[in-house]
Each structure stands twice: as C-alpha cells, then as structure tokens.
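Next, two complexes with chain A in common: one pairs it with chain B, the other with chain C.
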Partner chain A sequence: MADIHLESLAHSYDPAATSPEYALKPLDMTWRNGETYALLGPSGCGKSTMLNIISGLIQPSHGRVLFDGDDVTGRGTAARNIAQVFQVPVIYRSMTVRQNLAFPLVCRRRQRAEIDRRVGDVAELLGLQRVLNRPAVALTADQKQLVSLGRALVRDDVSALLLDEPLTVIDPQLKFELRRKLKEVNQAFNITMVLVTHDQNEALTFARSIIVMNHGEIVQQGDPQTLFDNPRTEHVGYFIGSPAMNFLPAAQSADALGVLDGQLQVPMTSAMRGSDDLKIAFRPEHVNLGGEGHRVDARVKRIWFEGLDQVLELDSGGTRFRARLDDWRGTVGDAIELRVMDSHLRVFRDGELLEAR
Partner chain B sequence: MKTVYLAIKYLAILLWSSFVLFPFLWAVTTSFKTANGVTGGATWIPWLQYEPSLQGWQSLFGGSGGTDITGPYFNSIIVTGSASLISIVLGTLAAYGLSRFTFKAGFIRNADITFFFISQRIMPPIVLAIPFFLLLRQLGLLDTLAGLILVYIALLLPIAVWVMVDFFNNVPRQLDEMAWLDGCTPMTTFYRVILPNSVPGLIVAGMFCLIFGWNDFFFAFTLTFTDTQLLPVAIVALNSSVTPWWSLSASALISVAPLILLAFVVERFLSRGGLAGAVR
Partner chain C sequence: MYRQKHLFLLPGLLVLVAIIIFPLLFTIRVSFSSWDVFQPGLDWIAGANYGRLLEDARYWGALGRLMIMAVGTVLIQYTLGFALALLVWGDLKARRFFRVLFLVPMMTTPVIMSVIWRTVFHESIGPLNGLLQALGLQGVPWLSEPALAFASVMMVEIWQWTPFMFLLLLAGLVSLPREPYLAARIDGAGPIRTFFAVTFPAMAGISIAAILIRLIEASKIMESVYVMTSGGPGTATETSTYYIYIRGLRDFQLGYASALSVTYLVIMIISLTIIAKVLVRLFVKDRT
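Now for the complex of A and B:
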C-alpha cells in the first residue's frame, strides 16, 4: 500500500525516432493510497500504457515512478507488488480454480493455512466456492474473469489494484454486483484501485476521482460532479454524461452571444472576444418543461424511452439538441416549450471551457 | 444419402489403411519364411503356401547366420533417449529465451539466432561428417556412446528449438505478464506457468527428436567402428551376399516397434484435449 507518484512521466514506443510519437505525453500525477480512481477515455488514448508503466510491464521512456517516494522505475513487475486485471481473462490452464486463486500466495511462500483461508474468503466473495476444484479451463468466460479478479484480491498487501477494463466480458447484472464488491474491498483493505474503462457509468459509479484522458494527455481530473457540471473541454463534455452535452455554435453580436435564434443568450465578456469558435453548451438534464430559465421553442424529432425519463432530440430553427425530461408525454412532431436553466449554461472557446462566467 | 456418404468414407479409409498396412503384412510374413519361401513368388498364408520358420527371428538374437542385435538395440535406446532428453531441456530453455527476451549482438537479433539454429538442419549432414569425426577423435570419444550422444544433441537441438520457439510464440505473453504480477521471477514463470501449458509442444518436439535420432544411420555409421553399434548399423550389417530377407524383415519390425508404440501413446494424449485454447 502506497502513494504512487508519476514524475515527469512520458512514454513513446519508439523513443529513437527524431520526433517521437508519445503514447503518453509528459505528466505529473499522484495516486493517493486507498483512493478509487477511474481512467476514462477512448481506445488508444494511453490509459493502458499508463497502467502498464505503473505495474512495470512497460519501462517508461521518460520520467520516474515513485511508490511512497521510493523510485521503482528500474524494478521488475514482481518487486512492485501490483495486482492487475486485464480486459481478457488470463487463467493458468494447467491448474484448478483453487490453484489459480492460491498462485500469488504460493509465489510469496505463504503458510498453507493462510493460503486456504484467503482463497476461501475470496471464493466466497466472488461466488466461486462451487467450482474451486474444477479445472480453470472448464469455466465460462465471465467465471474465468472472476478467477483473474480473485487472484488480484487474494493478496491483501498490494500497492495498488489496477483494473484494465475487467468488466467488459461480464454480464451486466454481475457487473453491478462486482463493482459493489470492489468498493467493499477498497474500504475493507484500503487498497488503491484504478479502473480503466470507456463506460462512463462504470466510472461515475465506481470512483471518487475521475481522470479523463485523450490523445495521451490527462484532460481533466476531478470528482464526478465537477466533471459533469464543468467539463474542461468539449471532449470531456461529450464523454461524460449520457446523452452527451449539447454544444451549439454561437452567433456573436456586440454585447451578447446567442444560439437558437437568440432564444439562449449569454452576455459577451472580454474572454470571449477574438475567437470565431465560440459555443454555448448545456446538459440535456438541465432542460425543463417549466420553471426558471431561458424559454426555447422546439419541435420533437426523435424520442428515446429510458424508463422514467425520455431523451428527446429537438429541432429549433434548424439546430438540433437533446433534452432529458421525466414529465413529458407526446409524440414525434409535437411542438414543445422548454426552459434551459441559466446557471447551467457554459461557454466554450476553441473547445475549452471559459471558467469565469 | 447419408449411408452412401458413410460407405464411401469407410471405403476410403479401408483403402488407405490397406495401403499403409500392406508393407507391414509383407514384412511379417517374410520374417517367418526361409530362402525357399521367399523365392517362390508372393505367398501369404503360412503352412498352406509356405512352411513358417523362426530362423529370421532367431538370427537376430545370436542364431546362425546373424548377429545379436540386443546390444545395438539398447545402445540406440540410450543414445536416442538421452540425446532427445537433453535436447528438449536445452532447446526449451533456449526457445523460451528467444521467444520472450530481446537479444542483440551487433546486427544479430532474435530472428537471426533462431535462423542460425534452423540452418543447422538446412545443411546436408554429410558436410558435418568429417568435422565430427575429427572432433570426436580429438576428444577420444570415437566409437563411444558419449560421443554419439554429443553428436546427436547437436543434430536434435535445432529441431527442439525450432518447434518450441514457434510454440512459445503462440503462448500469449499476457500469461507471462500475469505471472510476474502474481509475483513470479522469470525463472519461476517459465517452469510454473509456461511449461505446464506447453506439454503439447514438448510432446511434438520430443516426437521429432526421437524419430530423427532413432532413424539416423549416417552418423551412427561414420562415427563408430566395432565397439559401439547402433541398431540401424547392426541391421545393415545383417546383409550378406545372399540377402537374408527373413532376418531383415524381422529386424525392420523390431526397429519400428518403439516408434509405433510412442505414436499410440501420444495420439491418446493429444486426443484427450491437450491442445485447447490458452486465454479466454
């Protein structure tokens, strides 16, 4: 268990090239002991590279990795005591489920009794008791992934548990249950957990701190609420929230910024001047049928039914946007009068959030 | 329709098996014949068509007009067995290294080293006859089992490396990485995780080594004189001005027996599902 510090860390898979392409651009960051993190971002944005550098499977081309201030950059994977679960289940085919779960402890030369106890605990936690004596190859894909996860959880002294999209192969019902169990483990043993995912729901429900990455860079780090309310870039706005944030290109006048034929207006500030890429953005969740806010008239183009809520695609003067409503009943083609909450309007200049508004 | 298909299938298998088994049948009948039985054209049924005799078999074990092949037989088992075993052990270690770690020596890379091993088998063996002869003479190992074992290791090691490099390249690297994460050193990763998953590869490599080693005549012939004889050399020595077809047939059957036995055992093992997928 340790604070993990990445110091001017960067990685290029071809560092000898004259202009190396970075899979991970230079960054400094700290993973606090006992915290839960979610690494969110599209495929190929450097998430897995970062995890593999922490666990030592990849040697970074630049910078250092420190565990509690101790430089481990040159140390092998085994010496770092990191548990990692990959997207694809990895099991030892020649062993039974029990032997698979016990393997990390056997490698550490633990006492027989202790191994039996811990394997029993983990099997109970993951619901694997009944298959303990079966050969691991005979399991289904999601059971195999549970075994992979079990091998990580059976160790109670790990520096961190890195989960590289481990829940992809697991069916949705079990996924929810597993996330809950992981949080339990996190609380019980104070183990740092990093979950890589491209499923924002998974990220938002699992982690206290969310890190959004894109093109090898950390775009924004914060708690779920901050990322939801104040996404730092358009990318984060698209990535967090379902459906994505509405970004509407704004028309500029002398003293105001307007969208939807001037139905939504924001006073012009000095920070907005001098750019022709200005957008007004708001969450579909911040659109209501009544109450406070700017009035917007629109026509319903599509409806997605989502249980209690409905997500509407709306058209106002040729501009499309989305709204999430819980008290509207109607059909495609209906005219609708909406309110957009003023306090939730955001202005993006050149793709980045303007803070002071 | 289905029965017709089935009939054709069985007919094809029947044809093929008789094609394969016919030489064995020929060898079996011939081994029980005498000079008279052999010269009278093809005959198959004992007592009716020819008078069976044990002369061919007796001559293999010190009977008249033959030699005792028990000694060479055990020599062959010792040389082939130990050379194959050593080759598999060394070859597997080398192959794992070549498959998983990066080696550099000037312009030489892993692929070049692997090719170097394979190139040993591309070269015609006769090229090596004189160097081996001189080397063994220097070491005082001509006409000894130890010398033959050394030479056979040199011949069999490339096969083992070749087969195992290919096999290890197909074992997912994630398995190694997982083992490191679970706390294994590279060495324990190899023998605790990778090796138990590589039994099919080891069997294939072992089969190749045993077959090549067992069947080699050339080096067994050029590097020995009278003290140490291997089976193929002893069999050829049975030949004389009047070809003793009966004892040659008997010796052919005896020499092929261990390989047939091996094939049966391995077939049983492989069909039991030793080759199922590794990850997922």
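Now for the complex of A and C:
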C-alpha cells in the first residue's frame, strides 16, 4: 500500500532530438492510497504512457516516480508491486484457468498451500470457480479479462492496480457487473485503482477522482460533479457529458455578453475584456421547459431518444444548441419556450473557463 | 442453363487430371507390370512386384535410414533455427543482417553445395581434416566410415535448411503481440518462464507448419546423398528416394521401381498424417 508520487515527470520517446516531442509534458501529481482514479482523454493523449511509466514498463525520460517517498524510477516492473490489466485480455495459452491465476505467485515462489488458498479466494470473488480447471483459451473474451484481472488480485503485495481500457472488449451488460466487482475489490483490499478509458460514462461511474488529459497534459482533475459543472476548458466540456456542453459564441456590448439574440445575457466584467473569443456555455441538462431563468424561444430541428429523456437539437435565430428534456412531447418543427437558470451559465474566454463571474 | 454449371470446372479439372492424377494412375498401373530394360511395355503380373519388395531388405533399410535422417535433421534444424531466431529477435540490426546472410544456403543449388561439402569432407585434400591436423588431431574418414558418412550427410542437410526454420520462426516471433510479454513482466516471470508460458505456446501453430513443411521436404533427401556418398559406403547412407532412383533409372526396372514409389508414397502419406495429428495434439491445446 502506497501513495504514488510523480515528481517533475515527463516523457519523450525521442529525448535526444533537438526539440523533443513530449508524449507526456512535465507534471507533478500524487495518487493517494486506496483512491479510485479515472484517466480520461482521446487516443494518443498520453494516458497509456503515464500508466506504463508508473508500472515500470517505460522508463521516463525526465523526473522520478516515488512510492511512499521511495524512489523506484530505476526499478523493474516486478520490483514495484504494481499490477496492470490491458485492453486485450492476456492469458497464458497453454495453462488452465487455475494455473493462470496461480502464475504470479508461482513466479514469486510462494508456498503451495498459500497459492491454493489465494487462487480459491480470487476465483470466488470473480465468479470463476466453475471454470478453474478448464483450459484458459476456451473461455469467452470477458472471462479471459476476468482471468487477467484475477492475476492482478491474487497477489497480496499489490499497492496499485492499473487498468488500461480493460472493459473495451466486454459486453455492455457485463461491463456494469465488472465495474461493480472492481469497486468491491477496491473497498475490500484498499488497492489504489487507476482506470484508463475514453468512455466518460465508465469514468464517471467508476472513479472518485477524474483526470482529463489532452496532448500529453493534465487539463483538469476533480470529482465527477466538478468536472460536469465547471469544466476548466472547452475540451473538458466537450469530453464530459452526453451530449456535450453547448458553447455559443457571444456578442459583446458595452455592459453585457449575449447569445441567441440577447436572450441569454451575462454582465460584462473586466476579466472578459480584450478578447474576441468569448463563449457562453451551458449543459443540455440545464435547459428546462418551465420555471425560473432566462427565457429562450427556439424551434425543434432534430429529436433523438436516450432512455426516458429526449435530446433536442434546437435553432434560435440561426444558432444551434442542444437540450435534454424528460417531459416534452412534440415533433420536429415545433416552436418551444425554454428556460435556462442564470447560475448554470458559464463564460469561456479563449477556450478557458472564467471562474469568478 | 444452370445444369451446365459443372462444365465451368472442366478446364481446371483437366489440368488436375493431366498433371496429378494421370501420372499417379500410370505409376500404379506400371507397378503391376514387369516393365524393364529387356521387356518394355505394360504386361500384367499382378502383385509380383509388391511381393518382391516385401522381401527387399535393402528397401526397408533405406526407408528406416530416411526416417532417422528426416526426423533427426528436422528436429535439429528446428531447435537451432528457433534458438537463432530468439537470439536476434530483439535486435533490429542483427535481424536484417542474418536475414540476408541466411538466405545464401537456401538459394544455393543443392548439387553444387553438396560438391563443395564433399570437398570439405574429403579425407586427404579436404580442409576439414587439414584443420584437425593443424590442431594436432587425427584426420577423420568423414565419408568412408558408415556412421560418420551418415552424420556428414545430416550435417549438410542441417546446414542448408536451418535458415529456412530461422526465417519462418523469426517471422512468427516478430508478429507476436506485445501485451502478453508486458503481462508476464508484471506477473514477475523471468526469461525462461516467459519463454515456456508465452513464446512457445504462441509459436505452436507456426512451429507445426514449419516442421511439417521440412519433414515433407526432408523425406525426399536425394541430391546430397547422390553427390556426397552415392549411398555409400555400402548402403550406409542410402535413402528411399536414392534406392528408387537406382532401381528405376540405373537398372531400368521401371515396374519394380514404380511399386517401390507407390509403397513409399502410401507410407509417407500415412506417417506424415499421423505426425501432423500428434504435433497438433502436443502443441495446440485450444483445439481439443
């Protein structure tokens, strides 16, 4: 069990180049013991690089990795007490499920009785008892992934479990189940878990702390609610939430900022002056049919259903935006009167959130 | 219109009949005749040739030697080839160098290569004995002592065909996915354990293919025997193909040689099928 500290860490795959390109730009951060994290971002944003540096599969070109203050940067993977599960299920083809689960302990020369006990425990936790004696290659993809996970859990020396998009190959139904199991494991063993994903839904339901990355940088870190309510950049606003946040280019006047022909307005502040790139943003979830707030008249352009809700694409004076409503009945072309609370409006200057408005 | 659809198969079928089925059927027919240099022609002597070959100890001896030689050389080729492939696997520069270097033995004409090797092994003028003597050792009768001659032929076969194994297995290694190796590192496996848990099982399919291709080829060993020892000393290095060649094209006993060929073919088909089944059962567990 350990806190993992990344100290001025950066990585370039070609550090000798005159202007090296960084897969991971310099950063400092701490992963707290027993916490659940989700690393979220588009493909190629540096998520997997970060994970592989923590597990020791990649040596960082700059900076240090500390486990409870202990420098492990130069140590190999086996000496780090890290377990990692990959996107593709990895099983040892020639072994049974039991032998697969026992493998990390056999490599660590544990006693026979201890191995049997731990394999039994993990099989019970993951629901693999019935297939223990079957060849691992005969399992389905999601069972194989459970075996990969089982090999991580069977070790008692694991201080952090790194999950590199492990649920991609799993059926949507089973995903939910597996996520629940991961949470159980997190609570039962107090293991730090880092989940890499580009599925925001997965991230929001799994982790207490979410880290959004883009272009090798951490854009924002926080709990799901913070990321939802106050995305620090437009990128986070687009990435978190479905459908994405509405970002509307704002018209400036002497004392106010307005969108949708002035139907939504916020007072001008000094922080907003001096930029051409000002946007007013709000979540589709924060658009209501009645109640208080700014009134917006719009026309329905498209409708699609998401469970009980309907997502509407709306047009107001030539500007398109989206709303998520649960009690509206109508068709395309209908005129509609909406309300947006002032407290839900956010202003973005040059792509970044203006905190104090 | 649709009734004639099978006609479209005819051109292919005709070619098949011409190049495979006709020669095969003709050989079988000839094997029931006494066609030889004195009485050419297709008479009918029923199974006389087959009766004769059952008692032909030289034929069965040649077959036994062929089996030992084929299985022995292929296993050594596989082991050496795999070891070499593993050695240069991680090293891009070495990979390129050996890939080109190892093409040379494979591209050499077997007859010319055998002539060169015969010279190398030559007792009095060969460089190999020269080297041994320079080191203060006794020269060795490489090609005139039965066991040594047998080993020499095997050595040449191994020299020529190990690169084939190497190239095939290297191609297999290069195409293996990375994740199992990362997982093995995380699970704490050392290099030997990683080899037996990850590499070897993953290479099972390609190993079987490589071994079978080489076994089929090796069961036709001919040039090296012909050039290096002509089956000698005595019949110490005589293999089935070489014996059939002697009976058919030196003694012109075409009827008898055909019977030998047909028997040889049947034995090969049966034994290679069994070997293939056994290999699959041994290596590939997921198909059971």
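Quick note on the criterion: the second predicted complex is superposed on the first by the 357 of 357 C-alpha atoms of A that agree within 3 Å, B and C clash if a C-alpha of one lies under 4 Å from a C-alpha of the other, contacts with A are read in each partner's own complex, and residues count from 1 in each chain.
The criterion applied here is as follows: contacts are C-beta pairs under 8 Å (C-beta built on N, C-alpha and C of every residue); 3 or more make two chains touch, one makes a residue touch a chain.
Note that the structure is a prediction, hence the values are computed from the model and not measured.
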Clash or fit (per the criteria above) of chain B with chain C on chain A: clash
Contacts of A:Lys144 with chain B and chain C, given as first, second, both or neither: first
Contacts of A:Val90 with chain B and chain C, given as first, second, both or neither: both
Contacts of A:Ser55 with chain B and chain C, given as first, second, both or neither: both
Contacts of A:Phe176 with chain B and chain C, given as first, second, both or neither: neither
First (chain B), second (chain C), both or neither touched by A:Pro135: second
Which of chain B and chain C A:Trp328 touches, first, second, both or neither: neither
Chain B/chain C common contact set on chain A: 55, 57, 76-78, 82-84, 86, 88, 90, 92-95, 103-104, 107-108, 137, 148, 151
Residues of chain A that touch chain B when the two form their complex: 55-57, 76-78, 81-84, 86, 88-95, 103-104, 107-108, 137, 141, 144, 148, 151
Interfacial residue positions of chain C with respect to chain A in the complex: 177, 179-180, 182-183, 185-190, 193, 197-198, 200-202, 285-286, 288
Contacting residues of chain A [partner chain C, same complex]: 55, 57, 76-78, 82-84, 86-88, 90, 92-95, 103-104, 107-108, 135, 137-138, 148, 151-152
Touching residues (chain side chain B, partner chain A) in the complex: 172, 174-175, 177-185, 188, 192-193, 196-197, 199, 276, 278-280
